[in-house]
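Each of the next two complexes has chain A plus one other chain: chain B in the first, chain C in the second.
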Partner chain A sequence: MQKDYIYIILADDDEDDILFFTDAFDELKINTKVNSFKDGEELMNYLNKDNALMPNVLFLDLNMPKKTGIECLAEIKASQKMSDIAIAIYSTSASDDDIEKTFVLGANIYIKKPSDFKKLKKVLSEVVAINWQYHTNALNKDNFLLRL
Partner chain B sequence: MKLFLKFDFNTLSKKVLESKLDEQNLEYKILGFGEIELIKKLTPEDYDALQSSLHDYGIEIVESQKSILVQKIKDMIINMVFNENIDLKVKSSVYLSKNIGHSYGYLSNLFSEMTYSSIGNFIIIQKIEYVKHLILNTELNLTEIAFKLNYSSVAHLSTQFKNATGITPSAFQRIIFKRRKLAKQKTK
Partner chain C sequence: MNNWFKSTLFLKIILLLSLFVILVIGGLTFRHISNLTSSTEVVVKTYKVNLELEQIISYLRDAESGYRNYIVTKDTFYIESYLNAHKKVNNSFLNLRNLIKVNSEQQENLKILNKLTDSLFSSFAESKVFVKNDETNTETFKTLFFKEKVIIDSIRRQSMVMFQLENKLLNERQKEFQSDLKFTPLFFYVVLLIMLLLIIIAYTKISNNLKNIKAKNDQLLIFKESTNQSEIIGKHGNWVWHIDSDKYVYSDNLYRLLGEEPQSFEATFDNFLKFVHPDDVGKLAEDLDKMIDVEELPFTNYRIIQKNGTIKYLKAYAKSFYSDSGQKRLLGNTSDVTDEIKSILTLEERNLELEQNNKELSAFNYAASHDLQEPLRKILTFISRLEEKESNNFSDTGQQYLEHIKAAASRMRLLIDDLLQFSRTNKPDKEFVNADLNELFENAKQDLTVIISEKKAQIKIATLPKATVIDFQIQQLFLNLLSNSLKYSKEETAPIIKIYYSKVEADKEPILYKAPQSHYHKITFTDNGIGFDQKYAKKIFDLFNRLHNKQDYSGTGIGLSICKKIIQNHKGFIFANGEINVGSVFTIYLPVN
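Let's turn to the complex of A and B:
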């Protein structure tokens, strides 16, 4: 199996956020491929397809039509073929309790959406770098928790 | 009947390489100029198997001094962090350079060049990994864990943990325990 890029998927119903996000990745020096879906149903339809390539990191907005981020999270955690995906909740804001709830339900990363483009690039490159460390050093993915 | 062949050795060797690496289910990136990057470290068994399967095709693995050294640094750091018998009061730079036999400056530059990360960062990652393990799998409290890993105080440990993960050690413990509870409920 050969891949020379990191495969990122974003599920978010806000078009501007998607643009912001893909632009930020374009500017990073890391080799990435970014795919996006505008609601939870589209996302799960893709992931459930037989030959679909699983992303290394999935960024999930919480508030999406048709299927919410939490519903997607539950389905992904229940799936064997999706078990290697690092899941990052990418949301506008949430209380500490809500954040903790997403971790308990199986998210690895929680990111509060930065409003500043520079900050977004910094956050995204940190996520990818740490995920890479986990991957190359065989660290325990079950204990991988990160809040940015 | 005679056939005349032309060989494109670049394509030939790449295809052979890909097929041998795929056979062993390895994740890799072919960098060109006879260099492959393996995403995960090879077990000695996998290394031997790969070496012998490539040997059949006349391909020999050249031991890269640099990657051997980097692996040594990583192994030594992991040993230093996870081994209870090593006195962590010795500075890691001194420990590494003394045991590997190169100046710390050299080791540090080499590590950064080869891993896109620093020795310092790697040490912190390993320490936090160990802290997580101790929190989840032993009855030690944070003070005892801080002492065991030679942090100057619990506050120092909590700060480093929070800097690395964004959450406190106690939040981490709470989350993982809730996850386990949830998993148990599901299997009932």
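Let's turn to the complex of A and C:
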């Protein structure tokens, strides 16, 4: 399906974070469409629908009720239909365990939520601009965590 | 043992020698006595021969005088005594022949003598006819008479010859005997001396052995007593099982371990089993059976119940060995390990508790700092939103308050970050890898690029080695030490940080007197910062300990605690040296391998 915008999905249970996220894309003035889900189950229900529009980038919080980000990641990577979605882990923590686990499960990049709105905008614009084909081929443990 | 064996061998040899000497003495004595006897026999024989010879002479004389009396008186009564003498002479000849049977020379002599006497008697018989016929005055009779005298003389000579020969023989025998007799006492004396010497040697040896045995006995007594004492103090007892005769011997303290008076019941396995905890009886019997077959077995543990109901934990060990006579025995040692087991149980319990506490604490720390991050991040983001979008709507005071809120929130973030870092450092299950310390240092330096260029800091570093470390922790350590030096730099002076490296032997570093390893990587960080008073050298590693107020320096008091923790995780050492307004030196020691 051809579309003239970048379709972005955010799965995060925190309303404030959703607000920052959408605000940031609004201010970025990139042609994007942001769709958000409040937990993992909602996200998976959406993605599993037959006619669901697959996002260009999926931002996945790890700590969510009902279904955690890790569970969603595993399910997505196991499904033929969804396995091509570029997944950016979007989490408050950047613990070694979490980074290791999500890298192994096949996430494409790990973003630690910034505590500065300017930084947030910068991070998001960079992530959206990534050529995923190229990025994924060169992906390793060291460049998995996005550093600014 | 060897000595003892030698000594018995020695005594055996002495005994054999003594027996030999006694046999020699006996043999010699027997020989001498039989020599003596034969010598005596020879003497007696000689005397008998002499006696017989003399008797012959005397009988002949009787015969001659009887014959002469007959010639003078012509009385036939004298013929009787003459005939008697003849008979006796013949008897003596028979005796003599027996006595000199072995001597051929004497036999020849005897034959001659016999002939002479025969011719004398035949001449007597001849002349008797003349007397009867009264022709004694005839020339023939006179000739005959004269002839008889000549024969008697010859007989005397001949018997003298025999007599002398016999005496000569006797002398020879006696000489031989004398020389034997002279030599014998000396020989006996020498042999007796040897005998005496042997007895003395044997006596010294035996008394020496006895002395040794006495000393050994004394030692054994002491050993027994000390074993007794050590059994009481060490709470153990020993037992011997003579397998072939199925007899047991229990030491006194084994009874005490069972809560009984020493030797208060018969030492048998069944009696012992009465004390064993019912759940452990089967296992113990099985283990004991195994001990018979196998030379050595690991310890067997079981419980016993004393008569007063106290349960004790016992640990037994046994080893089989053979006596000199080849009888198999099992020597065992049983000790009371109740206290040990109880303290191990308590220790295990405590450890578990401690581990649990630690885990909880760690989880709490992690969760607290992690969960605190989220609202804080939002506060900070909202502040940045306010600054960006609403700063024009604030009064100056409002602006200032916003600045203070931002500073406080930033500081809180710093604290939480450091706490999180600290709690991560606390997790023990980290992987050691062989890492190039130069690389880790470069990474740490990279993280500080901004502040390094801001402060125009110079960093001079020696070539570091490769080491087996938890890589990200060592990187954190370098980062903390570097940022510490950068943070506490003098305001007007560009920081100069020098890092030295050497591989050292623990023995040659006095400060490492407690070090368990022999070699260490010694890395020294020196700076020209504000330094610190040496009396705080230990305190600065304590958690939340700060030497400066937070307005001047932005530390959290966690950074160096993390350093210390990391170094502890690596079983290394960290020391600080400071001089106010001169600088500080941090020395770390990491074990080689």
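By definition in this document, the second predicted complex is superposed on the first by the 128 of 148 C-alpha atoms of A that agree within 3 Å, B and C clash if a C-alpha of one lies under 4 Å from a C-alpha of the other, contacts with A are read in each partner's own complex, and residues count from 1 in each chain.
What we mean here is this: a residue touches a chain if its C-beta (ideal position, glycine included) is under 8 Å from a C-beta of that chain, and two chains touch if they have at least 3 such contacts.
This structure is a prediction, so every number in the text was calculated from the model and none was measured.
Visitor: Counting residues of chain A in contact, which comes out ahead: chain B or chain C?
Guide: Counting residues of chain A touched by each partner, the higher count goes to B.
Visitor: Of the two partner chains, chain B (first) and chain C (second), which one does A:Lys118 touch, if any: first, second, both, or neither?
Guide: It touches chain C, and chain B stays clear.
Visitor: If you stack the two complexes on chain A, which partner ends up touching A:Met54: first (chain B), second (chain C), both, or neither?
Guide: Neither partner.
Visitor: What does chain A use to touch chain C in their complex?
Guide: Contact set of chain A toward chain C: 14, 16-17, 20, 23, 92-93, 95-96, 113-118, 120.
Visitor: For the complex, which residues does chain B have touching chain A?
Guide: Interface residues on the chain B side: 18, 21-22, 25-30, 39-41, 74, 115-117, 122, 125, 129, 132-133, 136, 165-167, 171-172, 174-176, 178-179, 182.
Visitor: How about chain C: which of its residues touch chain A in the complex?
Guide: 370, 373-374, 376-378, 380-381, 384-385, 388, 413, 424, 472
Visitor: Using the touch rule from the top, collect the residues of chain A that touch chain B in their complex.
Guide: 1-4, 100, 103-106, 110, 129, 132-133, 135-140, 143, 145-148
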